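Structures for review follow.
Look for chain A in each of the two complexes below; its partner is chain B in the first and chain C in the second.
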Partner chain A sequence: MEAFSLLFTGLATVLQPSHFMMIVIGLAVGVIAGALPGISFVNAMAMALPFTYMMSPLDSMSFLGGIYVGGVFGGSISAILINIPGTPASLPACWDGYPMTKQGKSGRALTIAIAASATGGIFSALMLTFAAPPFAKFALRFDQPEFFAATFLGLVSIIAVAKSAPWISFLSLFIGLAIGTIGVDPLYGIPRLTFGVNDAQSGINFVVVMIGLFALGEVVEMLAKSEAVAKIQGKIRFERPKFVEMWALRWSVMRGTAIGSVIGMIPGAGATVGAVIAYGVEKQASPRGAEFGTGVPDGLTAPEAAKNATTGAAMIPLLTLGIPGSAATAIMMAALVLKGVTPGPMLFSMQTDLVYSIFASMLLANILMIIAGVVIARGFSHFMRVPPAILSGFIVVLSVLGAYGVRNNIFDVYVCMVFGVIGYLMKRYNFPAAPLILGVILGPLAERYFLTSLANYDNNLAIFVQRPISGTILGMSVAFIIWATLPSLIKKYRQRKAGVVA
Partner chain B sequence: MTYHREHLIHAIFALLVALAALVFSHSVVDDPQMVQSMARGLASPLTWPKLMLAGVSLCALGWAIEEGWKAYNVLPPELSKEEEALEFGDVGFEKDGDDIPLLPIILGLSLAMAYAFVIPWAGFTAATVVFLLLWLVVGGIRKPLQLFSVTLIGTVVLLYVFVKLALMPLDRGQGAFGEFTIALFRLLGIY
Partner chain C sequence: MKTLSSFAKKALIGAVIASGLAGAVQAQEKYPSRPIEIVVSFGPGGGADAMGRKLSQLLEPVLKVPLPVSNISGASGNAGLTKLVTNPADGYTVATLIALSVSSWAAGLGTAKPDDFTIVAITQNSPSMLFVPMDSPFKTFKDLLNHAKANPGAVKVATSGYGTQDDITLMYFNSQGYKLTNVPFAKPAERYASPLGKHTDAIYEEPGDVAQFLTGKQLRPLVVFDDERHASFPDVPNSKELGFSISDLPNFRTVAVPSKTPKDRVDILAAAINKVMETPEWKKFCAETYSCVTKRYAPAEAGAYVKEFYVATQNHLKAMKK
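Right, the complex of A and B next:
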């Protein structure tokens, strides 16, 4: 009951004009950015970060949360209409959404996508509201070894994203962890890997790395693609969904929502993983699974519900443990930290009003996403006319401002540019960037928890397994690695044994 | 002997990364002996960085071996579309066959780097105007009206938002550029 009253109080707060406008603006920015091929919602959030420097913590989270929710859905607009996913998470929408467009059913496809996304997102926001506080209470029992174990789980979870390329995924992760050690160490105050550069003693800020990798590294391709990506044929007519038709898709929505809600909580996973897994599961579960790829509504519904269902779930590890569950929530963490708000279990007891206002803003964002989605989809052809060169130019300038604004230090801008070049090269040669950024974010945390655990427990290395909670979490990490890698190892062994020819 | 060139290049690159990590692990701090003597217990300031760099070396070696094997052996079947989409999560990946011209990309990256390095000398305002003009030209915008209106209006809006509203102390530049920036800010009502 207390949770309901706190939620209603939070809703009353976010319905105030200033906070409400932040959600609406964030949603609009997110849906547009998500819909435009070349800018993913992660890029949009990285570029929007500088604008949050002058906002309150609640406004920052409402704004970025709106972009997150809107952006996750927005990619489906271009995926369905022009067969180009606006964001990687919308790739499954191409597989059955675009065939529906080719059959003249673009309005119906968009209606189904909006309805499914909103359902998944609302459920996820409610799950965040009611599941996060009990988990935060449990997390109050965590000491340094438990936080280290949770951070370790977050780090190894990256294996779930790139099972077919574990070596380069872990290489990227370790490079990120090594970058995270640059600067003065947390316990002894000794500069490490600074090579005499004084500015490097304050370390490499993960916000700067993120802006460089995700924003800058992407936009140079927009510059090269000087013409509009594609034209939309005909007018989009939205159909009010018939209850009978939507009711027939209820199992797809439920399956997608359940998958997305679970996947979203796993640090290292995100909307793309949720959507693709939901598509695969639906293909097996649906009676029309064999027809998937030809414009089957079930094939569109499940991934749409799943990807928006990851949004609220991904915020659970962020708010309760201070461990971002994805690149998007890492940016939200940056916004909170820059405001002096430390996410973690203490946040729930010390700033309960803020926490429930954030929950309410996520809930409201998912409800308002329905209107934003319809409006932006209708005007999509106009947005597509903005020359990519103009968009990309201002993205570079915003990236510079964002990097500079972190510490008002030009050194951060230089670092951002270097990572921009690295980010482009990583994208071009399919070297995963997400593990690197996860390493930069979680590495310093892991080191601090590791060193303070040893300092607090008489240099006893076994403490991490002796304590039941941390031992369990580390055991889960090992089980996770085995579960993630064993099937692909078995598959590779069988292929080599059978002598498969390329 | 036939081999797959791309995988061989990956393997060589991976070996170079492993080597670089080994070199860096010996240069973590300026005076390793002094730092090691400061250690209280198991962990010293060198422990975590050396562990991470060892991880880099190990993973790079693993990748080198995998790529080396692929260079001289048959390849497994291609990934299904679901497996391909799962490869790199929310930040996407480059699809094979995306034919993007290299020259604008090299120009774009060079412009962005030059823009950042010029800011302390020329100031944010002047650097941004010149950068945007050049960027838009490289991007194919040729109409002078569009070029200058987008650049100037966009820069002014950014100055209002970030300098006047957000009070961000952006670089004014040195010498004449500094004076120009101050005069412009006074003209626009920012100062």
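Right, the complex of A and C next:
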């Protein structure tokens, strides 16, 4: 096995202290940035880019790879502890992770999250190492209709989030979709719903909406109740993951990893879509699906595994084809190109050592993430014990910084504030916010894929079901909708029938 | 009372001295004396970003001040340009201004006009080309056109959108009897993946943006939309020699400041950029991105060049609407 020996040579290289330190520093930066509400790993990577100017190509990739891997996980720390997703991909971690915290099981939730994320990440790093070229070929067969179908499945997954009120969730989703259409349309260049506001032409950024709805909304709620944080006042104990317990979650980990590995290769989709779909699928597949949302470990495990499984997968098209599918991989590509290293098929034959060293550093980063995750999560849990007034002040500052940092635009800060108020009101009146944010994230993607598909296939609407992969995914989506709405429809029908008889 | 008045006197003297000093400093302030912000009007990782970062790196030793880069993306680069014109016109904010943004104004996007900016320098320029996958059945541009003539609409070209230079070029061929289908992709990565996966037949792009696919032998060029052949691709025919006149839509990248910026500061910046463009580092960079500019434009000429492009795009769009 040539790949094995190349990987071991790569491991020997990245275990040298200087390279090793870059991974560790990257991980620490990533986990902290990810865990801080408002600051995402993409912000952190963009800020880190100038520091890579003077590094070797391997060091810069180790550093950025560490931030990427650590940051994708880090968001779950704040999601689990204070119900604020540190990055969009950690949104599903709020749904079953935070309920566990409320039950006093935050240590357990964090342990599961770290173990699942690391497993997903390690698997995808191995996939990157041993199967990158064939997977890249497979990924190229996906065209816009398949991307559209996958995004549509993500949108439908919100039904999995809706516990009892599918119709209100739909309403929330459609509001999100409408917000997503604000700004200059991506293909025709026509401004929509901008109401003459010039700044609105660039659109409403989903990260800004998320920070507003979840971070600011939660802060107002925290201050209004001033007891929300009290629940985790008790000491957080990190249980060593019991093998038996983790073994029981093996199917959830595997399902999440598989979904994340495939979604990660799709340009544009990435960790958030992967995690949301994994949650939706897990709800259907898990025997405890009906209890999701009440702190079920399966519901935390699958999206955690999925989002970190997207990291290695996203690097496959980058390294094998030279196609950066996300903001994070685009920054990595910029770092490589600045060094005169061109990602693509030639890289494998010309600089095999570098490629395998990058693989090795991704693998190592995912393993070391377990330690970084535990240490930093422990630090954060101490931090969460400061009085709510101080903690919320801190979160507000970070939120404003984060909203500004997305595009260096003060307009985004105002948008964030508005959504902070909306987020609080939604919480107050039990109007689900998660479908709204998914609408804002996925709506523009779905629209783009839909329009490009039609342009490419003679405006033939049937193309989405004619193509086997997209047809299958859309079939799954329809099954999801029926599954979620049928019980309430049947109930209504029976009630009406009973009424007629009576 | 006495202490107070003496304090007041001292304060007054102090204030007079201070204001005098400040006035003197203002009168002979050396430009640049503090960091100059480079606003890159697109996100990290793209062509404009690479240019901004390279300039930041190479201008620092010339101007002796740091030049931090900030990415302000959105609305075809107009979000970053809005930031530029709303900042003080003192030469301490410069921005990347590229052909795509100018053609977006011509298409009616935003409120910016060429007169809002002074173009400090045209730093990169490249004609667009048509590329096909390495194993495409189309050996020459004529092959592709003949297929399009025989099967109208069957040849699909990946582009960056409607109303763009890409679209204008395809419309031109349409008017010549070759119906090519425009398949627009908003995101560059998706646009590049499409011909590689054989979902589209060709891609319209400038060579620098697909450099990795050219070195990777995944794409090959068929034609360059210019009146001359491209120095880096001497074997690729140009559109003029094939009998087509669609060469007035180059992809230029410039450095711009608001039009109210003092002329002496614009000249200092222009001189510094011209110096950078003579360095071996820059020459290597522009060669790798197939975008070297041989002519050195003075700010007034550069402005005229951009305006000419704006008018040409407007005329094309008007002709298309008919």
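The rule is short, and it goes like this: the second predicted complex is superposed on the first by the 279 of 502 C-alpha atoms of A that agree within 3 Å, B and C clash if a C-alpha of one lies under 4 Å from a C-alpha of the other, contacts with A are read in each partner's own complex, and residues count from 1 in each chain.
The rule we apply is simple: contacts are C-beta pairs under 8 Å (C-beta built on N, C-alpha and C of every residue); 3 or more make two chains touch, one makes a residue touch a chain.
Keep in mind that this is a model prediction, so the values were computed, not measured.
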item	value
Partner chain in contact with A:P317 - chain B first, chain C second, else both or neither	second
Which superposed partner A:I370 touches (first chain B, second chain C, both, neither)	neither
Chain B versus chain C as contact partner of A:N408, first or second or both or neither	both
Contacts of A:L451 with chain B and chain C, given as first, second, both or neither	both
Partner chain(s) touched by A:P343 [first = chain B, second = chain C, both, neither]	second
Per-residue contact with chain A, leading partner among chain C and chain B	B
Touched partner set for A:A327, first chain B, second chain C, both or neither	both
First, second, both or neither for A:L126, with chain B first and chain C second	neither
First (chain B), second (chain C), both or neither touched by A:M246	neither
Which of chain B and chain C A:I84 touches, first, second, both or neither	neither
Interface residues of chain A shared between complexes with chain B and chain C	50, 53, 187-188, 191, 327, 408, 451, 455, 458
Residues of chain A defined as touching chain C within the complex	46, 49-50, 53, 140-144, 147, 183-184, 186-189, 191, 198-199, 201-203, 267-268, 317, 321-325, 327, 330-331, 333-334, 337-338, 340, 342-346, 407-409, 448, 451-452, 455-456, 458
Chain A - residues contacting chain B, complex	40-42, 50-51, 53-54, 87-89, 91-92, 95, 161-165, 167-168, 170-171, 174-175, 177-178, 180-181, 185, 187-188, 190-193, 195, 213-214, 216, 219-221, 223-227, 269-273, 276-277, 279-280, 326-328, 387-390, 392-394, 396-397, 400-401, 404-405, 408, 410, 413-414, 416-417, 420-421, 424, 427-430, 432-434, 443, 447, 450-451, 454-455, 458-459, 461, 492, 495, 499-502
Chain A partner contacts - residues on chain C that touch it in the complex	43-46, 49-50, 53, 57, 69-76, 78-79, 82-83, 104, 107-111, 153, 156, 161-164, 181-187, 189-190, 192-194, 196-200, 211-213, 215-218, 288
Chain A-touching residues of chain B, taken from the complex the two chains share	14, 17, 21, 24, 27-29, 35, 38, 40-46, 48-49, 52-53, 55-56, 58-60, 62-63, 66, 74-77, 79, 81-83, 85-94, 100-101, 104-105, 107-109, 112-113, 115-117, 119-120, 128, 131-132, 135-136, 138-141, 150, 154, 158, 161-162, 165-171
